[in-house]
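Each of the two complexes below includes chain A, the first together with chain B, the second together with chain C.
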Partner chain A sequence: MTRWLAKLHNLNPRWLYLATAVLLLVPLVTMIPMPRSDISGAVRGLYDMIEACPPDGIVLIDSSWDAGSQSENKAELKCVVRHLCRRKIRFVVISTVTPFCPEFAGQVIEPIAKEAGYVYGRDWTNMGYIQANTGLAVVIEGLARDFHKMRQADVHGTPVDQLPLMKDVRSIRDLYLVYSVTYSPGTEWISFVKGQFGTPVAFGCMSIMAPSYYAYIDSGQLSGMLAGNRGAAEYEALLQHPDLGTKLSMAASFGNAAVILAALVGNLGLWAALRMRRRAA
Partner chain B sequence: MRRRVVWLITFAGGLYFLLEFLLPEQAPAWLGGFKNPLTPYLTDATNFIVVVGTMAFLLGPFNLLRGHLGTLLRLRKGWFESAVFVVFLTISIVAAADRPDEGKSGAGFAHLAGLVYNALFYGVLTAFFASSMALLAFYLVSAAHRAFRVNSVETGLMMAAATVILLGQVPLGDWMTQGLPKFLQFPTMAQWILAVPNTAVQRAVLIGACGGAFATGVRLWLGIGKRQD
Partner chain C sequence: MTHPLSIWAGAIVTLAVFSYLARDNPFYRLVQQAALGASVGIGLVIAWQQILAPMWWTPIRTALDGTGDARGAWWLLALVPGALWYFQFSKKYFWLSTLVSGLFVGVAAGLAFKGQILLIMPQIGASLKPLNPFAGPEGFTWTALAQCLSNLVFLVGMFTTLLYFFFSIKTDNRWFATPIRVGRIMIMISLGAMFGSTVMTRMSYLIERLQFLYEIWLKPLLPS
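Showing the complex of A and B:
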């Protein structure tokens, strides 16, 4: 038995890769029903915030993700946009990380907006990419003070004055909520939007980045947060519309289990190898 | 001289943004109630930073193109890779510039440019991005097998916390512990770890990091420290 276990210590990684691929594929091919515990406070916070939004409220979405982080950010954007459309709340979309982001945001939003009968320009706009790599803080502050001066046309090149929705958005004071969904949202949103103007801020982030933001949830500086697919799945449960987050969190279940099993196998193998070495000596 | 000019711009920029942020939007009535005189220039100052940053987008491809063209023209080692770079850069620029607007199919060359753009963007670039991130899952499992060794109390604690967090964040954890009392269920324990010990540590790290960032900012602003040029 010990000899067999010791072989696990030097297990060919290809077997691990194969096991991981199989484990990740299973939940994507078949939907495995699993129970869900309570909704976390961070997710509930964002949901309640949008539920409490007045009919004339406008939400700013900073959708700054592309193919690299779409595995979690896509579901986080999708469920919040669905909620906004369900409540007929208008929203403005910007992107601040890479020039690819507006296209990815558009792909997610357009079908949901179309289904909800939203008219582009009147009910929602995609204001495109704003280069903020040299200083997210100054860009946020610029947007907060005068949106029209910072962004003079939307992603299609339509001047901002010709977009009916943008007539109601001049500064951050005209916005009800800012929702930043990206790999790791900038805390500048908290400092310069929530801190300076008092406009609520919520985040959607990759689950590995979520621990950095719990301090802001605790202090009330963040109104809500969707942490990875788990957050999106909980949000979908609140909307009673299981979708991408629910499906992908199931895949994450198996992925996380693979990591734990690999660590367990590695440790068992090491323990057996050391025991055999001690016996031999 | 050059160093002094850079320092002067840095100092002036830092002073402007600091004062604009610190001064109230409107002075109290007993001081005359005047508005912050720096605020009207904020958007222009911000646009200046955005424009300077955008120059880097042009500078990057330009430098890359210069290097690769040199390799290609002199047929140095790696000329084939340079040729691939130059060809794809040219195709991407032409296709992106001439493709029709979203939702429209276009005609003639614009239609062809749209097809090429979609093939490159969705068929190649997006697939590459997603694949490179997806590979992390395999590396993570391999790393957990090879490097995550429980050989002390500290590593044991870390393994236990990692297990609780990993399972507490996914439905599998809910399923595994659904029959146990609430406080022993993985999601409850994971939320507690994230909200209590993690928050305390994050705050401590943040306070320390912010102190460091402040000190670095002041040094940069005042031009204290070693010469970088």
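Showing the complex of A and C:
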């Protein structure tokens, strides 16, 4: 037994890669039902904010993700847009990180909006990419004071004056909520939008960044947050509409179990190898 | 069922990247270089189409040919500070680039200062948490007790972590040695949580690609 365990210590890592890939594919292929975890306060905070939105409220979505972080941001955007459409809340979409982001946002939003009977320009608009590399704070300050000056046309080139929805959006004070979904949402949204103008802010971020933002949930500076696919899965549970987040977080549970198992087996292998070496000495 | 070319390209590129796990190979390196080149190329085109053309070039062009607002021609002046950046390549005239970079640093510093005040001040207020379970509007409840204990852990964590970074006292001081050690443990727990989140994120990258390979590329090709 010890000799067999010691062999694990020298296992070719390529077997581990293969085992991980096979293990992650199992839930994707078979859709094994998993027990649902509790809904965290951060997720419920965002859900409750949107539930409390008045019918004439408008939400600004900063959808600043592309292929690099679609593995988690896509599900985070999808579930929130579904909720907005279900409640018939109008929304404006902008992107501030890369020029590719508006297209990715459109691919997620268009089918959901179409299914909900939303009319583009009246119920939602994609205002495209606003270059913010030199300073997100400058862009946010500009959007907060005069949206039309910062972005004169939408992603299709339609002038802002010809979009009925944009007649109701001049400054940050016309918005009910700002939801920034990206790899690592800028804290400038908290400083300027919430801190200076008092408009609530919520984030959707990659799991890796979530620990940095919990302090802002505790202090009330953030109204809610979806942390990775798990956050999206919890939101989908609240919507009673399991979708991408649920599916991907189910596979992630298998992956996490694999990591724990590999750590245990690896340590057992090390222990066995050391034991054999001591015996041989 | 056949796929559009983009799906095939996505699948082949993904498999080429995964092939690195077996060993470094020319397919992986080809895809890596192609991805970099495509990203820069597409980024340039989109930057022109979505930013420079509508926000800078079109106002100038329409102003000059008389079809647009004449004030659009003022955008030509943006070329001056823009061109100053390129003096970073000159040893003799480097100082010209500092004019514009100084302006940018000044604006960024001002906004950062304002942003940090707006960000951190509410954090200081939120750090003052109640520790008396009897002080709530409903008197003593088990929920209030649990909240106060949670607040106690938070306050111990905050003060001991701050103490760990307080370099004006000796770490072997008999009054501070234990709190500093507690602070170090708190930092280790936080870093552990961050590392766990890192694993989850990396796993998400892999799952998303596997989902693409199976559901979008392979599944429609399989006989139903």
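Just a few scattered comments:
One rule holds for everything that comes next: the second predicted complex is superposed on the first by the 281 of 281 C-alpha atoms of A that agree within 3 Å, B and C clash if a C-alpha of one lies under 4 Å from a C-alpha of the other, contacts with A are read in each partner's own complex, and residues count from 1 in each chain.
Simple rule for what comes next: a contact is a pair of C-beta atoms (placed from the backbone, for glycine too) under 8 Å apart; a residue touches a chain by one contact, two chains touch by 3 or more.
The shown structure was predicted, so the numbers you read here are calculated from the model rather than taken from an experiment.
Per the definitions stated earlier, placing chain B and chain C onto a shared chain A by superposition produces a clash between them.
Of the two partner chains placed by superposition, only chain C is touched by A:Ile190; chain B is not.
Contacts of A:Gln221 after superposition on the shared chain: chain C is touched, whereas chain B is not.
With both structures placed on the common chain, the touch criterion links A:Leu248 to chain C but leaves chain B unconnected. In the superposed pair of complexes, A:His156 makes contact with chain B only, with no contact to chain C.
By the touch criterion defined above, A:Gly106 lies against chain B but remains apart from chain C after alignment on the C-alpha atoms of chain A.
In the superposition on chain A, A:Asn256 makes contact with both chain B and chain C.
In the superposition on chain A, contact is made by A:Glu72 with chain C only, not with chain B. Using the contact criterion defined above for the overlaid structures, shared-chain residue A:Met31 touches neither chain B nor chain C, since it reaches no partner. Look at A:Val119: by the touch rule set out above, it reaches neither chain B nor chain C. Once the complexes are superposed on chain A, the part of chain C occupying the same space as chain B corresponds, among 91-99, 127-135 or 163-171, to 91-99. Within chain A, the residues touching chain B in one complex and chain C in the other are 17, 20-21, 24, 70-71, 100, 131, 134-135, 138, 141, 155, 157, 196, 207, 210-211, 215, 218, 227-228, 230, 252, 255-256, 259. Contacts from chain B toward chain A in the complex involve residues 17, 21, 39, 42-47, 49-50, 52-54, 56-57, 101-102, 121, 125-130, 132-134, 137-138, 140-142, 144-150, 159, 162-163, 166-167, 169-175, 178, 185, 187-188, 191, 194-195, 198-199, 202-203, 206. Interface of chain A with chain B (complex): residues 11, 13, 16-17, 19-21, 24, 34-38, 40, 66-71, 100, 103, 106, 130-135, 138-139, 141-142, 145-146, 149-150, 155-157, 196, 207, 210-212, 214-215, 217-218, 227-228, 230, 233, 249-250, 252-260, 262-263, 265-267, 270.
Residues 21-22, 42-43, 46-47, 50-51, 54-55, 104, 107-108, 111-112, 114-116, 118-119, 122-123, 125-126, 190, 193-194, 197-201, 203-211, 214-215 of chain C touch chain A in their complex. Against chain C, the residues of chain A that register as touching in their complex are 14, 17, 20-21, 24-25, 28-29, 70-72, 74, 98-100, 102, 128-129, 131, 134-135, 137-138, 141, 152-153, 155, 157, 187-188, 190-192, 195-196, 206-211, 215-216, 218-221, 227-230, 247-248, 251-252, 255-256, 259.
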